[in-house]
Amino acid sequence: MNHVQPDEIELDATPFDKLREECGVMAVYGHPEAARMTYWGLYSLQHRGQESGGIATSNGEDIIDVKGMGLVSEIFTDDVLQKLPGQMAIGHTRYSTTGDSALLNAQPIRVESTKGLIAIAHNGNLVNLGTAKERLERDGAVFQTTSDTEIIVQLIAHSAETTLVDCIADSLSQVDGAFSIVMMTRNRIFAARDPRGFRPLCMGRIPGVDGKPDTFVFASETCALDLLHAKYERDVQPGELVMVSEDGVTSRYFNTTTKQASCIFEHVYFARPDSKVFGRWVQKSREEMGRQLARESAVEADLVVPVPDSGVTAAIGYSAESGIPFNFGLIRNHYVGRTFIEPTQRVRDFGVRMKLNPSRALLEGKRIILIDDSIIRGTTSRKIVRMCRAAGAKEVHMRISCPPTISPCFYGVDTPSTKELIAANNTIEEIRQFIEADSLAYLSLGGVLKACGAYEPHGNSFCTACYTGNYPTQWVDVDEILPAVAVKV
Amino acid sequence: MNHVQPDEIELDATPFDKLREECGVMAVYGHPEAARMTYWGLYSLQHRGQESGGIATSNGEDIIDVKGMGLVSEIFTDDVLQKLPGQMAIGHTRYSTTGDSALLNAQPIRVESTKGLIAIAHNGNLVNLGTAKERLERDGAVFQTTSDTEIIVQLIAHSAETTLVDCIADSLSQVDGAFSIVMMTRNRIFAARDPRGFRPLCMGRIPGVDGKPDTFVFASETCALDLLHAKYERDVQPGELVMVSEDGVTSRYFNTTTKQASCIFEHVYFARPDSKVFGRWVQKSREEMGRQLARESAVEADLVVPVPDSGVTAAIGYSAESGIPFNFGLIRNHYVGRTFIEPTQRVRDFGVRMKLNPSRALLEGKRIILIDDSIIRGTTSRKIVRMCRAAGAKEVHMRISCPPTISPCFYGVDTPSTKELIAANNTIEEIRQFIEADSLAYLSLGGVLKACGAYEPHGNSFCTACYTGNYPTQWVDVDEILPAVAVKV
Amino acid sequence: MNHVQPDEIELDATPFDKLREECGVMAVYGHPEAARMTYWGLYSLQHRGQESGGIATSNGEDIIDVKGMGLVSEIFTDDVLQKLPGQMAIGHTRYSTTGDSALLNAQPIRVESTKGLIAIAHNGNLVNLGTAKERLERDGAVFQTTSDTEIIVQLIAHSAETTLVDCIADSLSQVDGAFSIVMMTRNRIFAARDPRGFRPLCMGRIPGVDGKPDTFVFASETCALDLLHAKYERDVQPGELVMVSEDGVTSRYFNTTTKQASCIFEHVYFARPDSKVFGRWVQKSREEMGRQLARESAVEADLVVPVPDSGVTAAIGYSAESGIPFNFGLIRNHYVGRTFIEPTQRVRDFGVRMKLNPSRALLEGKRIILIDDSIIRGTTSRKIVRMCRAAGAKEVHMRISCPPTISPCFYGVDTPSTKELIAANNTIEEIRQFIEADSLAYLSLGGVLKACGAYEPHGNSFCTACYTGNYPTQWVDVDEILPAVAVKV
Amino acid sequence: MNHVQPDEIELDATPFDKLREECGVMAVYGHPEAARMTYWGLYSLQHRGQESGGIATSNGEDIIDVKGMGLVSEIFTDDVLQKLPGQMAIGHTRYSTTGDSALLNAQPIRVESTKGLIAIAHNGNLVNLGTAKERLERDGAVFQTTSDTEIIVQLIAHSAETTLVDCIADSLSQVDGAFSIVMMTRNRIFAARDPRGFRPLCMGRIPGVDGKPDTFVFASETCALDLLHAKYERDVQPGELVMVSEDGVTSRYFNTTTKQASCIFEHVYFARPDSKVFGRWVQKSREEMGRQLARESAVEADLVVPVPDSGVTAAIGYSAESGIPFNFGLIRNHYVGRTFIEPTQRVRDFGVRMKLNPSRALLEGKRIILIDDSIIRGTTSRKIVRMCRAAGAKEVHMRISCPPTISPCFYGVDTPSTKELIAANNTIEEIRQFIEADSLAYLSLGGVLKACGAYEPHGNSFCTACYTGNYPTQWVDVDEILPAVAVKV
């Protein structure tokens, strides 16, 4: 087994060492302020991607779009929204590839083809693109972005089907991987999820007032519906293509045979705790993870301390189950912006200290249980353990609310490559030594599945590839994936 | 008694209805990267003021300063810091008056007079300026800003004393009100607090390495020392003037007769929970406020829910004392920027919903206890109560971790005028009706003082004017203060 | 004949009422600082388009591009140029369509297809796109921009030819209209002009030093070669496709049967006077226009006054030929930016006065001859005539250095529609009355052709459609072109 | 005599090597859109300073000011102007000291003192400040800027006179040097010029419509009056203090004994050609300089070529007097912004080539006379001469429309120090060799004075210190002025 070399890792470590989701999507049908509604929805989905955003609207004749780098609130002003007229809109927010072409890859993408004007926004990542792309290029396709989303619209344009909805279904049945997408033509909205339902996508409704028709809303998470006072109706189902038009809502399935494999990490970390994801409250899952962790890995201690904010709900659950008091022994600096000036000489634990400060009032002389949602490279965890000890903690026990992360994700999460994942290369005892904790325990795979309701009647089936290496799509051959590809796919 | 008219208030209410501190100050003596250290210190004091910031350094010959609007991380880049050489620096961060001249009022102020070059940064507000300003103007003084800080440097320039330290002491003994100040000349740093010690100011030390002399740091709160790995030494005392120079640290008192009256609201709300303020851990005071509140105002319920983030620590205390479970029934949107686009038509509870979303998973069917640190106008509290009920809460009991706020502050807190303070014009029962809670209770004055350690041996004496109307400075005559002045002073 | 209604026109008139060229292009092959060379070249072509710009470079493996809104000097900083490595580059500067999608339409366009990576930059406008676009869309083409340039790359991608150069020639032979284009693959540069040679494109060479190979440069005008110390070699010929690769420069013709029709307005107004365009010095043409105008339309006067800067060279010619003194009776304000605040109430001649001020010292009591290059709507000319009279001019005679502009351009110039062109709807006497001049004369068609050397041996053949309505491309049916299309095509 | 070392100079030379004026001032009394009028006035005075600008208005109760870095059109938007209410305004535009404190030194300065609120804007430089500043500091004055203008307001504040107008006159009589100032109190405007009248300041009037009172305007140059449709009334006289109030215009003199010494370089270069300065048309002076130069220094040649734009009017005069044709053999690039990227390796004549391109069409085979207004360091002139030769000029004769510049200015012009002035250290023949011209001649002192009307009845008396070293103020002792001071004063 390869030993992680602490100092090498230190240089690689990003300041806060969290996995990053790549996107959030929104769609609104039938509202006089569709752009504004979409803007607010994206606002509440901002945690799913902070680097670029965009909104496209249709006024029935043309599709207009505005995209930019930065937070939704930075891109869209009142003036900008007024340039986006129409009763239909789709939107996108993205954690994205860097570089000067980032804006070209921002979404929604708006294209014109023999199938008419289409705008599309996509959360997830397609896999096994090679064959499809080659075939399309042989047919003369011209790719202008480096985004895999372009494949979907090229397939629609090249589809031999006769109606647009058939072309879309045809296109979606040809691609593999993760996609929760919203699309818009001049007068229709489409929403679809890949057959495994990797990423969430829900549908809500705002009742029309004064006899006006209802407004339909699609969003990555229900927290966006809440902000818009929209009522959650149901999830778009895996393999389902929903269409909203003048004639109302219709649905069809382009794939009914593939088994569900929803991303369990949405419940562990990504989604907002107040969202219902895959039909289940995230906060409930997380509290239950904490409780289960307390059952599986009890330890005598004085205080349960969450690593903010990712460990908070599980820590509350751990405290409630164990009876050990909960408190914020690590205080977050809320004004940390996207950039700060680093020291010219190396200062110990600097990046983490800018974001977290241990509270000596609480930690001094205490045996503490630190709760976090995952350990990626281990360097941040080590800094936090050290900080707690420096602030007087007598014992530091680390508890993680999911199993060890051993495999990269190819379905829309920006994971480091296998060689950077500490748990892919070390035993739990080695990790414990590396992070310098007095004890370390992870939640079992069964435990996290149970906490997420997988064993309940009608419970979800989950993708747990990051914990098991079992990838639900057929062709992902991890051994053969080059590191560079692994990051990008 | 005047009844608050709900709709009128609604229009006045700022989105989040919190009182705002006006400043944080920093000083560093004897460090080759003084500007950078000051930058980081201000970073951790950012909660004390987000509208402008500045740093001045001395290279022994000249004092250079850079000031700007916005967050510290927005104003200072690596390039900018490199224009600030020297081993001494002072810094300031400000919540400030609006308007285009705001930058002119940013601090530190740098002036030249017969006493040489001086830069000054000030947290607090002076009162009773009339006489001093008139006398100075009669002597030919020219005022270029609308900041009361200018008075202090004019008094220094006009002082008849012969040494600079005597001039400063002379100046400080002539002004009344709240001031925690740091000053810098070409080769010295001064730090002083007003005789009542309204605002905090602490002193820390970073041991020199390799035989180099120690670095001295002054900061509004100890969290700034933590970030710099500086050891807390002591507070600058009320009425004390500390000087750091080549010859080390010296101290003198310019006033020893006035009684301490430190701002209790620093412990209730302003200061970061991980800071030690007036020699006492803030987090300890806040948890104790919650425990005391549980003792004074118990109620049968299923869940203790903090209003994030101001009510969190008190809620943990309330839960611990009462045994009622604690959880985050209100989820904060962390990506709310300083601006967002409001609806064109009035949407119910919009401003608050952008920032907080109730978690139906937790609230549905529950009797909840909402914990907050204060109620200013009442409109935000009402929105939160309504949101909780809309998310399914069966009963909503509001508990406030301090007494009713009935009087404006003249010592550095931006309070609305008396007629806008709901508790100044309504009984507690009227407030309860207005915010639509099932019950409402405030912490007693004795309770908050006890929680802050006022009755312990060597405990602090506090200013509680906002709860009692008893102003520690002699001449503040609240009845005669015009509303406009009340806001501004 | 429709009379122009002064007040209606006034509202439409842009402040300075000049026709606008749409683009300048650059390419550099074989220089270690290719991006930087392209940047400077675009700098000197900035008069051809000020609204967006872009540079793409190839490092042999990938093509990287940066595009932005604004002037070249605003888009490209040293940092940005350093992100553009490689020995080959193409660039583009554009006067462009407005709107938020303008950046998406900025060039160079970079695409990937079965033909590999290609970047393209285009000066001119294609016409008769309908059939080609329809056919491409039937074949599955997906259009992502509203730019006609995309057609060319789609045609290349769909071409059945086997080599890239054949595919490009095939593509270019299928489109009609104006195009001076530069293209780049990973290791080659292509440059081509449409068969009529509407827009200029020249080729230069910088001799290699120390035995290194020569650098090849392509640019819209020779002024870009001058700045780079490149020697002008020759024009890319109408219908020619030039390729530069490791093997040197090769040339082929994709069309040799169509007659040349180069844009005469390049000589009248667009090109910089120090450029050689279509093999002839622009400054020479313009001075000759002024001389010819003096011969054709002499008038007794005291002073020849140019409308700056468009009328300057012709005015010098007019003065030299007529013997009447030349001077700047209208002074230009050089600090007029792209925006200025207009009066809330209508102030007489405001927009023009911000840019030009009459010099009373010169005009008072004088009979003056005003020289300009064209009259589009007439409103600006009227304002200038009035200003001169208000400054004391006794007589104002207007002389225009080309024939009346009666038809819109479809080949890359942003002309107003026919109904806005004053000369399309009024006699010369009516125009004279409208602009309130004492006399008005235009240069004859024969005169402008003679001044541009059309009658000399090997002289150019020119497109004079804007003066005659005779469009050189077959299918432009002006009567059937809708106004909206007319502006855009 | 010290020889200039070409290579050393090259490194120091600013790209375009022109002297820079330091300021333009404006004031408007009695107009409902006073801020807007001032904005436009500053717009037309932008050539007098491009680095910062500001406007202050009075609404009768308060004085509001907005200042910023950059061009007037960049600082002031419609929104900003709407924050500047009132019927009175003063404004300032500045070429200024660099550095981060530049904004603090921007004007107008707004101060409060026992004399009330005052805003002031100043064109010129005070000299011999030492005594006054020392005395003020002894009296307790606190200086917040590094601008000499602050002295004037401190003197007003400390004046023992009883009325404000007496205090101002008292203050102005105590300072020496160059000042054309405008001042504003809550309800009055003051305008004054130093007793020698170094800098211009004129007064105009806009007749009131519909029985409303007239508007009064003060401006550095008459071109600002033209833009506002204000009628030029007269200059503010040297030593005069004009006051405009409800009671109309009153005037008094604070000094009548000092001899006029107006800056001749305003006529040679600074002022706009369409302005009347010191009561005389600038364009007339400049054309006459060119004519006189032709008389004094005739040479056989084919073409008179101006160095744009500074040499244009003199070149027209030279051509008219000599009969040698005039044309633009050097073409200016109008899109040169304030920054452009320089080559990494030194490219010959790069900076100048970015701004000027020689027109080979005109220069090839010609003997040319280059006309410019001055030679400062000589490096730019040499580059231009070389460029002309490279473009084919057979002979290059340089003619300068003023005498050699041998001494720095202390009255508001940013001159290099004596050691950098080529004419201070070299004979004319040495300069000719350095700039590589075939011949070189300067206009004589008598010639420039004659061209500016000094010998006409009631002609102005001029300061010619930059050509003679005779400084009109008593105490300027050039030999004793340290280089650093020389640049700054």
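We just call them A, B, C and D in the order they show up, numbering each chain from 1.
Convention: a residue touches a chain if its C-beta (ideal position, glycine included) is under 8 Å from a C-beta of that chain, and two chains touch if they have at least 3 such contacts.
Because the structure is a prediction, the values reported are computed rather than measured.
Counting only chains that touch, the fewest steps needed to get from chain A to chain D is 2. Ranked by distance of CA centroids from chain A, the top chain is D.
Chain geometry summary: the mean Cα position of chain C and that of chain D are 37 Å apart. Mean C-alpha position of chain A lies 49 Å from that of chain C.
With centres set at the average Cα position, the gap from chain B to chain C is 61 Å.
Chain contacts: chain B has no residue touching two or more partner chains. If you sketch which chains touch which, the chains form one closed loop in which each chain touches exactly two neighbours. Contact annotation for chain pairs lists A-B, A-C, B-D, C-D, with touch applied as defined. Contacts from chain C toward chain D in the complex involve residues 33, 36, 39-40, 43-44, 46-47, 50, 71-74, 76-78, 81, 223, 226-227, 229, 272-274, 276, 281-284, 287, 309, 312-313, 316, 320, 325-328, 331, 333-337, 339-341, 343-344, 347-348, 353-354, 357-362. If you check the complex, the residues on chain C that touch chain A are 64-66, 80, 83, 99-101, 103-104, 109-114, 137-145, 150, 153-154, 157-158.
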